[in-house]
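As structure tokens, the structure follows; a few thoughts come after it.
A, B, C, D and E are the chain letters, set down in written order, and residue numbers restart from 1 in every chain.
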């Protein structure tokens, strides 16, 4: 609660710093009529002061709120009477402290309240208050101090714009590096388990084996008939399901995008685009039920009526429904970039006697290609990462097959089932999930590198 | 030394003369004979609106066979707008409405049943701002012939591309980088590329919106020679700001002013003996 | 933290949450937070240590394993109370539009095992395609069984009770148990992978719906789903016994398993409400034959056992090493 | 069409060629256009189909069955001392009162077993509701009031026709006896269906008739608000930097590939990351909107970055030149000119990314969001669950009444999605333009 | 009648004369004095590459104070490229590299430490293709003054916008639709809008790439008058294809040919007495 107030106060300090910085810069050149003699616009001097007043203090605030509790508890533990803490393990101490906290905050306590406990609770409340007050003081002092220094710098020759832009740029660089850090985090969080997995199962078997059998012993007292970790069927399954999904999503999505941006009346476009986007937000459970209970039986009956043997779970059913789900990735993103192709290019083509469709196919699509590929890549990515639909409609059997009417499973599905079922963290089985994750990561990386090169090759720069 | 539009307008109220001549000189109707016998294109009562703004006020004008018609007039007077009506290019502008009748060889082009595709294949256009496709130079020129299926073999297409680029005077500059993107050309080169692109489909009527604005005299000469040559078979309407150019290439000239077609007539006559005061003011304000 | 933190089995989840809710409603304690992590995942979290950040109770649809107990001990989770709360019947059901089957354990094993004995008594890959090949009394329909994946506790129980039960009826295999235990297990626990057994994920409602759509298929799922969907699916008789409350509670129906929860004794008395929660769970109004858990599909323990377990649980008698 | 002299061979060729192929080209054009229209129609059809399916299954959940009974609210039982204190009134045994009312209405039911079945017609939540009613209106004490009592989910299912009364008894959960009581109550006009407010005000519950979506809704709200707050600025900032400022070299190629690749990482792996980093290292509390938002932010970032970059790419370079040419700094150029033009595409990315985040369950599995949490969260660090998880859990519940509630929850989620997107969609429409 | 580039090149081999004169006429170095005392901008050894293609080959050229320098040359010879070097506009083109030294008032503008932002505020540019912002006309002009803080009140800004538009000769045409989008103007109007936008920030050096290409004579005259007026305080470099215009407005003229600066000198001298054969060919190929 208090933190919110502090945040508001900080905001007020920033606003004040903005105005003061601005004022100082303006008066430095002798009033508003002389602002052109400033290096930058007055607002930049204000922003500079405000950013300096705000950012370090915010950082401190974030750090402090993260650490305050631990600090207070440490202090509290140090001050607890000997007899209370004697012989307690760290975890139990934590429980004791929890009791004290509960008592202090007026929540229910588990045991009778002894006077010592009462005293400790009071002490805790004191410490907590102290911590909060020192936080206020520290944060505000930092804000005022930094703000004052920044304010002092707001002299006419000071390159405020450059400074502010450097700060903004730094923030953007930090933002960009989040992607890298995420990757790093992902790799690190699967790497060690993967290595452990590969120490149990030979990579050769994993990468080239064609039999994936989850029926391995998960526990010492459970023995499976076959334990095979050949990941090939999983990758072919992933490939097939994603390919089917793309076969649905890319034509429908792209054609929708084209129709909406080039042919459709405005009104339709304004409605249809957001409506299609809803497809991306329907929970996958819903798609899963739809695929398993509506599409799969339909395909099965259709197949049987023409004499085909269709498994009740088929890659086709899962792929089709997944394709529907990712339509908006293709349609909306493509629509935006198609819409952004300058009208002059359309005019140039029409003036030569091209029909709309020729213009679209030969001029607009090539010009919008990088963006379209971006959308398609996102869609593929989503297809690869999707689980629920596949589990519900394509089953879990790792068949190495090229028949879309067979049941297949995908890498992601296996990862999820292995990680959410009954697990044991030192059996090859659960570890396989990590190895699969890492491998998938590597495979998609290679595919993305290829995609980047292809896009580079066909990129057309207009204007 | 200079006559601004403002000054011209101010002078309207002061420099009045009397009688028939004065009436012609201040006419609200088009001065001169806007019709030609056996016209290729015949425009009647054209009005163009951009939203609420009327850009063209009831213009009548014919484009004859084998003639070059030049359109002149101060910037913003509606030349491009009018030109874009002739192949229904205005259809692509949101909020632009065209009324009146435009006939190509006796056929109403704003007829709902009419397909603009063959129309635009017959009435080609070079835009005021060069707009090459973001494709290779070769593809830019080959685009039209390809979609219309004008050639049957790669060799034929190559030859057509070469002739078109040659005619536009661009061949020598680009012959060894036909695969380079058309957008990486200089301004004047882009303009010539767009001309080459248009003539590659041999339209019957060619509309050119300031085709030489970014060209040096030599390139201009090449284009003018091209226009002269094309006239043998085609009809050409050209917007230009250079009265010298209008005089050099066109047989008839139309003078537009603030959305009105003020005067139209033989090029010679317009430049030597303009009837309307506005035309005269414009012509005599000429430099060079 | 002033509320109880429970993790563990998805099978016990419906019962645990029902108790949690009632407990929250009827006492002044906060409603416990119950996470569904699976038995293994729950025990892993549970055994990670003592302290506010660690769960107080974990549910399990099987008994804690020795290795897990070790893990707990290492992390300082020394005293653990084990509470057995009842049974979960595992139904083998099909659509009401199909014929009700009367299966023996041996039929089940023969239909689903990876390898089965031929006439000569040698183990060969399972050749059976229809039920009547397994047993001439059964109808001539294709063997297609939708069941949980190997990561599920239900699957383990099914394998141990139904498959192994059927497998043991062959003496030569039973004999194997002494000689070569792992081979015995491989034979009895191996489920065929040729498509007759369809791993259908863990959503039991989905299996029910799939059975309705496909009357020839059989499905394996928890008894509560059979109970709730009695108008659409019917449970096959196993060894002549129909899956009902009574038959499962009496132990007549052979395919059922015990459900448990484990309490971290160290937290009792420091996290408010644990003792009261255990008392609620082990009270007759909850787990008795007329308690609300029965409505949720729990099969109660026999009366004597309930009394015994309840008193042990409420006094937090630490379990011994399993 | 033209009757030109043979001298005009070349152009004759053109128009002839055009006319010769025109029919075919027009047919192609029509086909293409129809294909486009069909694609849009198909897409919309899918939406309609899914909606119809969901609404068809779920709309009944917005109604709930109540049973009207004369309830004797004796002062002696509720407030014996007549203190009028809320605390005393709250303590009274309302379950007993309700049971007595049932017994009084069905005096013929005497066997223990039958009585139990009778009591079960009323929801276990009914006493609490009665208590609230009495607390709100203490004047009721001492009277016999006709009270609408919340019916049990099985009764609800029968009344709504979800349980077929014509089936033989053995195939139904509701036995003939109960059915008889229901029919009697119906004929007496003592059964009605009312708007299900409980569904919108309660947290989840194991009793379908008491289960509500409020907790999950609040959880989703906090989670997505935070996700949007983090992912949109970060995504757009990163996109601008990478597209416009970063030097084009191997390193930035690597980043680009890397971001594309992150989009392909299965969402559950982000859950693993969140478990290891946010919960494991930074000590963010489990099962909270905070940790969920952090994980979902990482998951949606690639979507936003990729679509933002595509949007930035499609802004014509001449706009940038124009701004730079009058002495705008590159940052000013971006923020004043490029960003407004690229905003529609960026918003699309945000819309899709947020939609995905709203519907995602898998990564939340790893960070303790698959949980039974009754209390409605009031902040970013309260234990919470979110709509898709609630849907996932309800879809996995055996009770028949949860089927319609699952669909109803999906409807709520979609309404949430549409509301969430509305602002973005309107904003996007404002900024869309062609040049 | 026409001299194509090709013919010029062919003539190179035939029409050789001997002696000093011949050497000048065929020189590979720049003919004439490219430097001026107290230059505002001083360019030395400028080379520009687009990828592997060299567009400018070692050009030396000074831009004096209070002078108008015009650059002429056939289309594609590198005029725009050179001009864009002067305010580092080429930085924005992928794959474009500039080497050599360019100084503005003695300060190296390609210095890494130099901030290009104030540079571009000091060295304004009008581009060859008009590129108004997709904003209102008012905002187009007001943008520069806003970001540089040139005005302190709305009234002042309004006044500045009006003066700039007036100077560019656009005020009368747009005064009652200042809120209309700048992209909805005619070609010539857009060009003038861009000129107004540039002069609104009063740069010290103005680079104009064919500023009058889309303008009618009257509007051209207004711009030329503007240039003349601006010269009093500023330095101006203008690319033009109209030799008449170059003669009218500029004091010095530079002739570019295929990336080389062939000749530079007093405008009078260049047009009356060109030294280099290429210059002469270009000048005498003139029409009109």
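Here, a contact is a pair of C-beta atoms (placed from the backbone, for glycine too) under 8 Å apart; a residue touches a chain by one contact, two chains touch by 3 or more.
From a predicted model like this one, the values you see are computed outputs, not experimental measurements.
Undergrad: Quick one: name the chains whose C-beta contact count is the highest of any pair.
TA: Greatest number of C-beta pairs in contact occurs for A-D.
Undergrad: Look at all chain centres (mean of CA atoms) and spot the one farthest from the centre of chain A.
TA: Of all the other chains, the one whose centre lies farthest from chain A is B.
Undergrad: When you average C-alpha coordinates per chain, which one falls nearest the overall C-alpha average? Tell me, please.
TA: Located nearest the centre of all protein C-alpha atoms is chain A.
Undergrad: Between chain A and chain B, what is the gap in Å from one C-alpha centre to the other?
TA: From the centre of chain A to the centre of chain B is 55 Å.
Undergrad: Can you check how far apart chain A and chain E are, centre to centre, with Cα atoms defining each centre and the answer in Å?
TA: 49
Undergrad: Counting only Cα atoms for the centres, state how far chain A is from chain C in Å.
TA: Centre-to-centre distance between chain A and chain C: 36 Å.
Undergrad: When the centre of a chain is set as the mean of its C-alpha atoms, what distance in Å lies between chain C and chain E?
TA: About 85 Å, centre to centre.
Undergrad: Of all residues in chain C, which are in touch with two or more distinct other chains?
TA: Where chain C meets two or more other chains at a single residue, that happens at 30, 202-203.
Undergrad: For chain D, give me the residues that contact two or more of the other chains.
TA: 18, 25-26, 317-318, 329, 341, 395, 434-435, in rising order.
Undergrad: Spell out, as numbers or ranges, the residues of chain B touching 2 or more other chains.
TA: Answer for chain B, listing residues that touch two or more other chains: 117-118, 121-122, 129, 147-148, 201, 203.
Undergrad: By the touch definition up top, name every chain pair that qualifies.
TA: Applying the touch criterion to every chain pair yields A-B, A-C, A-D, A-E, B-D, B-E, C-D, D-E.
Undergrad: Which bits of chain B are touching chain A when the two form their complex?
TA: Listed in rising order, the residues of chain B that touch chain A are 87, 89, 92, 116-122, 124-125, 127, 129, 131-135, 143-144, 147-148, 181, 183, 194, 197-198, 201, 203.
Undergrad: Can you name the residues of chain E that touch chain A in the complex?
TA: 115, 117, 147-150, 152
Undergrad: Enumerate the contact residues on chain B facing chain E in the complex.
TA: 1-6, 8, 50, 53, 72-76, 78, 80-81, 128-130, 169, 172-173, 177, 184-189, 192, 209-210, 213-222, 225, 241, 243-244, 248, 282, 285-288
Undergrad: What does chain A use to touch chain B in their complex?
TA: 342-355, 358, 362-363, 366-367, 460-463
Undergrad: Give the list of chain D residues in touch with chain B in this complex.
TA: 1-2, 4, 7-8, 10-11, 13-15, 17-22, 25-26, 434
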